[in-house]
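Next come two complexes built around chain A: one with chain B, the other with chain C.
Right, the complex of A and B next:
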């Protein structure tokens, strides 16, 4: 794709996807599964952004970066879900607000 | 024209992922978003990456999410869905979504043995280019990616082993 206007429009679409995923994970923490799903959305938006740049600049680096990002996102989601399974086997509850072990105890 | 439809659909789906009250609907919207990203990549000419997206995101990650949701029994609102009379709208939406695939191959000139499959859409990348880049120019990235995958696999195995009640 050679037109800058098309590239900017696609960049805006990946921007919407990125911010929807980020706000959904950080602000609307509905439960842990949806938080991980929104993180996947963030990764997908960055992936698509790299590919738009690769199509605009006719460079292979963006494609290589996109494959790397896909790999990392898949690994991170697998580890995150394994952690969820481990945690809920011990806790038997899926409340996200109860995941506060790193927070200092209130005096 | 097709690009505008796909982009607006991606904006709508990405907002609906966190707006829906049901976890399964969030997953379904995410799967539709992944398919949407595949369509976007097909319009750009990244056919290998489009297939890889479908394989990895839908085939592995969405299925993994589904299994974990079923295992953990995540509390969902509106789990039991009753028939609300949206079948006509669903049919229209489904046909509109699936008809997007027909706008991609505009350079189709007919069945002939002289044409290769790559002449259907314009190509910005191909498997040979990616293979050459990964094995010659970015060989260290390939080995690092495989190391990350190995570590993720071993980590998942360790976590599954330690969570078993002894």
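Right, the complex of A and C next:
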């Protein structure tokens, strides 16, 4: 069994990821691709939390939850990207106000 | 319990067969055209049997009834054998009959909603949404709650993004859908994070509301690799290892539920969706998820919000005796919702947005019911609200609309008054005076715009009725009565909405919709008799 300090560090990375994702979403509200990436970060962080908990508690529930979260996150990303694609198809490229994907690419 | 799960799996298998059959029909035959058509589109035939997508529709629109055939055959069952094969846990809840009634409610509403959709993909997505909401009602663990919640969200999001106006795609709806999608993704992410926190701290992820009267999170069983007899899973022993309810995790989990319900301050998606989506979808979103969420809440967390009134014992009615988290966590949402819902709706030129804010108002009052009045009065008002919504999104007639507006406003002879009356009565009885005063105030404030609508529809000269908005002089209010709801709110100041007050059709609507409208109106007018019966008899 690891020391308490080491055990706490194992859970730190996922928590940092989670809060980075939330703060990133709040800051980068104007860029839809970054928002989707932050969503994925949040999902992955929760996933890792569940796995950490499963390892700590020696219980299978966390692992099952992790698999389900992975699949649902994948579906979510697919839906988000499909919506983005339809949105970009409908709007002309010059009329993008809140979605600065093209501008970021040029810089 | 295992047999019950097999029946549920059977129903799901039928859905898969339905999807496969519909794909086969699309590939090989016509959709809804008569058999005598041009030679470009032949029907596929096996020994003079022709396949058509009409048959799939017919079955799909009746599919939800499969989920309640058990009640027809066996009667109402007293053990709420969990309908979710994901959980492997059996519960015995005090609110079993209520859950059964909510099942039937969801099924009936879905059958009504499904009649309004003409494409097979919409129908299948709605059936998936129905299945998710059905399982959410019967779900016991955090995992199944999360899965069903996400499933409902995804189905609705795809439906919103798919819709077209006049056979062309609509960027406004896709934009609103995108915003809703992002907000819901983050809310469920936060929910998951706190689930993982609870799981880490306690090792348990099942919410077990037992007949012993305590809400516990019971220890997981059956998933450690050993063999577990299915009859012994879950319900045999209620081990209370986590009864501390004064924690922030419950508050943060509840905030995710609040997001989906449409309570403030996480209400931003409601206005966007209500202005961008067609009415048949709004019929779904304003009724079914709310039933599912409130049902899940009562079945799992009801003991957290136990007050004297809900148990029937009116001796000790001081709310502070009970759980602190329950009162102060939900009261914030209540106050925000009712104030935002009533005050933001004042000078709106868009009727859809007005109905969105009235929804937020109603949800605030229902949340107030959870901590003061108990769940029976909550479901009374919720059912009245659902009848009002079914009428609202279906009505083409200004006479139906006036009765609906009076009911929503909460004026006496109709059902809306009695729903709110019971809730306010119990709020006063339990001592939640702040909430009571706030809700009464906001009900008075919201009366204005309901009654103004009635005047708007019945007066031909509408210039003196509408408010004057400084940023535009081209406002014409659009009634949900006309078939078109196109707004341009994001990019111009001209709010282009057309009015057809003088040309309101009276009886030019389809027959089934007329029956639905009439039924809802009759219920709104005569339901008070059943609500006031216990007070008089």
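Simple rule for what comes next: the second predicted complex is superposed on the first by the 84 of 107 C-alpha atoms of A that agree within 3 Å, B and C clash if a C-alpha of one lies under 4 Å from a C-alpha of the other, contacts with A are read in each partner's own complex, and residues count from 1 in each chain.
To be clear about the criterion, a residue touches a chain if its C-beta (ideal position, glycine included) is under 8 Å from a C-beta of that chain, and two chains touch if they have at least 3 such contacts.
Keep in mind it's a predicted model, so treat the numbers as computed, not measured.
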item	value
Partner chain(s) touched by A:64 [first = chain B, second = chain C, both, neither]	both
Partner chain(s) touched by A:9 [first = chain B, second = chain C, both, neither]	first
Partner chain(s) touched by A:75 [first = chain B, second = chain C, both, neither]	both
Which superposed partner A:86 touches (first chain B, second chain C, both, neither)	both
Which partner reaches more residues of chain A (counting touched residues only), chain B or chain C	B
Contacts of A:52 with chain B and chain C, given as first, second, both or neither	both
Contacts of A:21 with chain B and chain C, given as first, second, both or neither	both
Overlap of chain C and chain B interfaces on chain A (superposed complexes)	21, 25, 36, 52, 60, 64, 68, 72, 75-76, 79, 82-84, 86, 90
Footprint of chain A on chain B - complex, ascending	3, 7, 10-11, 14-15, 17-18, 23, 26-27, 30, 33-34, 37, 40-41, 44-46, 49, 52-53, 56-57, 60-61, 64-65, 68-69, 71-72, 74-75, 124-125, 129-130, 133-134, 137-138, 141, 145, 148-149, 151-152, 155-156, 159-160, 162-163, 165
Complex contacts: residues of chain C adjacent to chain A	143, 146-147, 150, 154, 157-158, 161, 169, 171, 174-175, 177-178, 181-182, 185-186, 189-190, 192-193, 195-197, 199-200, 203, 205, 220, 223-225
Touching residues (chain side chain A, partner chain C) in the complex	11, 18, 21-22, 25, 32, 35-36, 39, 42-43, 45-46, 49-50, 52-53, 56-57, 59-62, 64-65, 68-69, 72, 75-76, 79-80, 82-84, 86-87, 90-91
Chain B-facing residues of chain A, complex	1, 6, 9-10, 12-13, 16-17, 20-21, 23-25, 28, 30-31, 33-34, 36-38, 40-41, 44, 47-48, 51-52, 54-55, 58, 60, 63-64, 66-68, 70-79, 81-86, 88-90, 94
